[in-house]
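Paired with chain B in one complex and with chain C in the other, chain A is shared by the two complexes that follow.
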Partner chain A sequence: MTRLDLSTPLGLTLALLPEIVLSAWALVVLLVVSWRHRSAEDSRLAGWLSFAGVAVSAAALAALWVNGVTSDGLAQMVALDPFRYGVAAVALLSAGATILLSLGYLERERLLAPEYYPLVLLATAGMMFLGGAEDLIVLFLGLELMSVSVYVLAGFNRANAFSAEAALKYFLIGAFASGFLLYGIALVYGATGTTNLSLGGAQLAGKPLGLMASLGLGLLLIGFGFKVAAVPFHMWAPDVYDGSPTPVTGFMATGVKAAAFAALVRVLMETFPAAASTWQPIVAGLAIASMVLGNLVALTQRSIKRLLAYSSIAHAGYLLAAVWPGTPVGAGAVLLYLVAYSLTTLAAFGLLAWLGRNGERDVTLNDIAGLAATRPGIAFGLTVCMLSLLGFPGTFGFIGKWYIISALVAEGQYALPVIVVLTSVVSAGYYLPIVMAMYMRPAPSADRYSAVRLAPTAAGAIAVAVAAVLLFGVWPAGVLDLAGQSGRTLTQTGVPIAGP
Partner chain B sequence: MPENTFLGPSLALSAILFSLGVAGVLLRRNAIVLFMCVELMLNAVNLAFIALAQFHGAGGQIMVLFVMTVAAAEAAVGLAIILAIFRHTQSVDLQNINLLRG
Partner chain C sequence: MHLTHMVWLAVALPVAGFLVNGALALWRPQAKTAVSVVGAGVLLAAFVVALGVFAGLSNDPSQAPVIVRLWSWLPVGRLKVDFAFQVDQLAAVMLLIVTGVSSLIHLFSIGYMREDPGYARYFSYLNLFVVFMLVLVLGSNFPVLFIGWEGVGLCSYLLIGFWFSDKVNADAGKKAFIMNRIGDFGFLVATFFIWRAFGNLDFAYVSEHAATTLAPGGAVVTAITLFLFLGCTGKSAQIPLYTWLPDAMAGPTPVSALIHAATMVTAGVYLVARTNVLFAMAPVSSAVVAGIGAVTALFAATIGLRQYDIKKVLAYSTVSQLGYMFLGAGTGAYASGIFHLATHAFFKALLFLGSGNVIHAMHQAYHATHSHEDAQDMRNMGGLRQYTPVTFWLMLIATLAIAGIPPFAGFFSKDEILAAAFARGADAPVYYVFYGMGVLAALLTAFYMARLMAMTFFGENRTGERERAHLHEAPWIMTGPLVVLGVLSVIGGAINLPPFIGGHAALEHWLEPVLEPGLRFSHLAMPTGSAEYVLVGAAVAIGVIGLWLGFRVTLGRSIPVARAAPPDRGFARVLSRKYYVDELYDALVVRPLVWLSRVVLWRGVDQRVVDGAAVNGAAVVSRLAGGGLRLLQTGQVGVYVVLFLVGAVWILRAVMR
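Take a look at the complex of A and B:
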């Protein structure tokens, strides 16, 4: 346990080391690519440089986490607790995997603009600030750094009309959502007199929520609802996920969602614990709507990419169910599910990127029929991903859902767990046909899949993710402990959570 | 504490401007107009921050500076994206931009 004095420049620098390393590294890579931006080789160089940046940042993060660094006194701007470290680890995991998946993909799709990689790094720095923000100003800046970078990434294939349209929709809806979030911040600031999350919570504790604070909370929930793509604020997500380059879709579905959920949990648990009776019904409503609609509409999709987009809306619903308790166990469940979901989704989009061409928008069940006969490795990986998203026992996804349900039941809530289980059963209706198409249908021709070639970096990243999904599925003790501890520390620095 | 702060009128004006921005985003179909409505929303919030900062110290005023910077960055990226879509459809009307459906 090391305490850092955040009032000194040295303490602040050490506390922010992972973010500082990543931001500075992004600028260096940007400088490098301004000279080296012509050939595929230059693109690879930028990719590997950026991957090294993610690794160095992860090492700095690990140093903070292993030493159990906390703040001496109140954390003013950025939190110093294992919850922040956990979320930052998910963001870095997502970034690292995205870079490895993109290395071959960008060359194949002839997207040889190496600015792609610095943008991934900057978006990741934004995610880390967003997930670790202890102040509404930092939260907003992190959100915008992340969002603006990802707007560009969504439209990276600008020669493709679908990609450009995805970027436009994402940009307009994203900026619209930022407006709501910002108005919410202004009203919370007006009601509490501070932008610090914990101090604001202390101001709001012990008395009924005033009009200004209630409106602020509502606007914040709308803003976050858009960012995590919860029904009814989800309408942009399928189009944007569909049109973006597939590795970017994986990045959006994992890192962006994880950071937004972390910020939502932190705001609700540190600033509005006293108002739990106000926000719990709203969160429950969003969760149920997302689980039901996401899973039902996913059943009707033909394109696998679009199917996964609706599946990610359904998973936002499961995560919102984990936000509902507002307890340390609930926060731990959010974090654990984010890790499980991110590993699985990154591998799924990574595999999808190699089964199609030109945006992979048109990969349907017919395009993977009989895949297992000639490409058993790819079929096995995709099967593990689908089973984990479904929550099949023996995969990491099952552990995540089980933890969410136990966090809900511990608070005496039984309706949400029932809906989680029922909608998961419905989701078998679209996950299992993918598995069955690969294993039980004949391939259209013997050499149908001979052209499917995974780049070695992508294959490595996917193999690691799939192995982790299986490993943590049968041996979850380590990650469960870690997630539980992270959830508990979330409230130690802030205001204690009021009982239900 | 300043004598005459105009807090009520300022917040009301801010709410009206914000609502106008939201209505514009929901009702208009031109990407540029939509973008301007979003900017209106952001500046309405800026007004609220300035009004509230009279009571709560400089935090609100600092936030306004950050918001203006972010809005400028968003404008740069947003206009570039609108330009990219114009090259495909020769239009910035959202009714003509509907390839992604389903």
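Take a look at the complex of A and C:
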């Protein structure tokens, strides 16, 4: 346990070291690519440089986490607790994997603008600020830094009409949603006189929520609902996920979602714990709508990428169900599920990126028929991903769902677990046909998949992710402990202030 | 470092062998030299480690078991299961037997399997088997033992069906697996009961607290032990679950020697010895164990009388000898059961490997002349003594050992079991019956072994004129391990020489710390003085008579070759068809189950109700709903914003209520 005094410049610098490293690194890479931005080699150089930045930032994060760094007194702007570290780790994991997956992909798709990589780094820094913010202003800054970078990434394939359309739609509705969020922040500030999450919670404790605070809460929920793609604020997600370059889709489905969920959990548990009876029905409603609609519509999709987009809406529903309890166990469940879902989804989109022929937009079941016969490794990896998303025992996804359900049942909530399980059953209806197509249908021709070759970096990243999904599926004790601890520390932040 | 802390190395070595050989099997199946060196090398190294563990344990004055905790495996609520090994006197003995016999059989396999295209796959399976067998004997609690228990079953399945392109072999593998699953059910139920009664699954804990937790002779301990024994009947091929073992002879002969004679099938005996305190507290269960053992010993021996396949004779002999071990364990003479387990491992492995040499020679001869005669049918052999002299002499030693002729190893162990059963008769007269069955089975054992030797090695050669020139002794890599086993079959009895000829029951004293909790409940007063000499004399006389009769009857008439042999008639036919037990099981269990699952469950419940109404119905409804909802996704940003606003209004209404 190390305590940092956040009122000194040194303490603040140390507390923000991972974010500072990453932001500065992004600027350096940007500087480098302004000279070298023509050939495939330049793109590769930027990619590896950025990956190194992620690694250094991860090392700084690990140093904070391992030493159990906490703040000396109230954390003013940014939290210093394992929950922030856990979320930052997911963001860095997502960024690292995205960079590795993009290395070969960008070359194959002739997207040789190396600015791609600094954008990924900046978006990641935004995610880390968003997930670790202890203040509504920092939260909004992180959100915007992340969002603006991701808008650009979504439209990165400028030559492709779908990519451009995706970016524009994302930007339009995103700006609309940011307005709601910002107005919500303003109202909460008006009601409490502070933008600090814990101090705001202390102000709101022990009395019914006033009109201004209620409206603030509602507007914040709408803004977050958009960011996590919860029904009915999800409409952008299928179009944007479908149109973006596939590695970016993986990045959006994991890192963006993780950071937004972390911020949502923090706001609800630190500022509005007293208003649980107000926000719990809303969260439950969003969760149920997302689970039902996401899973049902996914059943009707032909394109696997679009199918995964709807599946990610369904997973946002499961995660919202984990938010519902508002307990430390629930927060731990959110974090654990984010790790499980991110690992699986990154691997799935990574594999999907390599299955497409000219671009990847329409990879259907017919395009992977009989894949297992000639490309057993890819088929196995994709099968593990599908089973983990389905929540099949023996995979990490099962552990994640089980933890969510146990967090809900511990609070005496039974309706949500039933819906989680039933909609998971429905999801078997679209995950398993993918496995069946690969293993049980004949390939259209013997050399149909001879061109499908994973770049070594992508193969390595995917192999690690798949191995982790299997490992934590059978040996979850370590990550379970970590998630449980992270969840517990979350509520303690505000406790010393809440007293008289 | 204490030597017993090196015990994980004994398991890690074959794990490494399995991984390397598995990799070679996948990518370099032709690298046979590397496979041989790795496959046998890791076992020899493991044997050295086992010797070190044994030495470390014997130098330890405390005699307490050493628990080597590797990692926490299942920490779930109150249930805490560690992946841990327990090294005590019993585990050390089993460690030596398993690694020692495995080393010899791995060496033998180098010669026997040399020509096989699946050479690397074979060695990787064999290494994996040793891994699981060691986990089985070293596990410090029921779940870890169960990993090994299931793992050896898996390897047994893989190796029985090693030549799986032949349907008979694949079927034999499935039969073994399914029969074992029935037994495993018993093991699991027993484990659940133990958890319920003790709240702990460690052997050390159960052994220490059994006396205070359970009522002696009570229903709970009886149920636990009976379910455990159900597991044993599956794994160790006792009535009623023995029928898989003779079929398991479909696997390569070294596999029969290692898995289906020396090691895996003795796991049940090991389990009874490991949980001796529970069995000692349940006299009813012990009587069941002894009774099933005695009946199996006699029953299987009668079937062995009329088999013609040399490996089938040995398979029924194994079933019969396992019966002896259970007779000993059920009587309370756990040390005698383990003693017979050890000596049986030596002489039965020798017999199987010897039969392997015989089959090898026969196979080469038929292969050279492109004949399709049965290389395992003893009616096609005869007079092989001149062609395979080393094998003949070694198998003769093993025959004398199994027949109970002093001073060979089997004499001492079998005599001890029979004496113990006789002694137990003083408390419970039913044991006199078991003793009588054991004596009769000993007579039959000597008889069928003499018959096997006579048909194989004596008399006229019946292999065929042209084939005879191709009959040769096996190479040294195959005869060498047999010589070692031969020596052990001669002197193996020395590990537990009884007091009446000047020994001091070394094995029994060695095992005392492990068996002491059980012996406290059922003390056994072994016969001494004149009674002992009468029993020993009777046992020897029976062995000699059996051998003499066997040779005389077999050599007294001419034996037709298999192709020309008339079918058996009368009771001989019942014996050669194995009492029609397979047919009985098929009619009573298999066919009704297949009918139930096919007609009622599959066509009725599954296809009509589950698939028809539930699954397809739900799928249709889900797809229709999904299709309807999809229509909202128009791609128009305006529509999206409208829906967004609908959601926003709903949320704002909800917060202001």
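Here is the rule we go by: the second predicted complex is superposed on the first by the 491 of 500 C-alpha atoms of A that agree within 3 Å, B and C clash if a C-alpha of one lies under 4 Å from a C-alpha of the other, contacts with A are read in each partner's own complex, and residues count from 1 in each chain.
Just so it is clear, a residue touches a chain if its C-beta (ideal position, glycine included) is under 8 Å from a C-beta of that chain, and two chains touch if they have at least 3 such contacts.
A quick note: this is a predicted structure, and the numbers were derived from the prediction, not measured.
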Once the structures are superposed on A, label A:167 by its partner contacts, choosing first (chain B), second (chain C), both or neither.
first
After superposition on the shared chain, which partner residues are touched by A:444: those of chain B (first), chain C (second), both, or neither?
neither
Applying the document's definition of touch, where does A:176 land relative to chain B and chain C: first, second, both, or neither?
both
For A:393, using the defined touch cut-off, is the partner it touches chain B, chain C, both, or neither? Pick first, second, both or neither.
neither
Classify the contacts of A:238 with the two partner chains as first (chain B alone), second (chain C alone), both, or neither.
both
Tell me which partner A:429 touches in the superposition: chain B (first), chain C (second), both or neither.
second
Kindly classify A:144 by the partners it touches after superposition: chain B alone (first), chain C alone (second), both, or neither?
first
Partner chain in contact with A:456 - chain B first, chain C second, else both or neither:
neither
May I ask you to decide whether A:194 touches chain B, chain C, both, or neither, giving the answer as first, second, both or neither?
first
Chain A residues contacted in one complex by chain B, in the other by chain C
169, 172, 176, 238-239
What residues on chain A touch chain C, complex-wise?
169, 172-173, 176-177, 180, 209, 211, 214-215, 217-219, 221-222, 225-226, 231-233, 235-236, 238-239, 278-279, 281-282, 285, 293, 296-300, 426, 429, 477
Can you tell me which positions in chain C touch chain A when the two form their complex?
72, 75, 618-619, 622-623, 625-627, 629-630, 632-633, 635, 637, 639-641, 643-644, 646-648, 650-652, 654-656
Of chain B, residues touching chain A in the complex:
11, 18, 21-22, 25, 31, 34-35, 38, 41-42, 44-45, 48-49, 52, 55-57, 59-60, 62-63, 66-67, 70, 73-74, 77-78, 80-82, 84-85, 87-89, 97, 99-102
Tell me, which parts of chain A touch chain B in their complex?
137, 140-141, 144, 148, 151-152, 155, 158, 161-162, 164-169, 171-172, 175-176, 178-179, 182-183, 185-187, 189-190, 193-195, 238-239, 242-243, 301, 303, 306
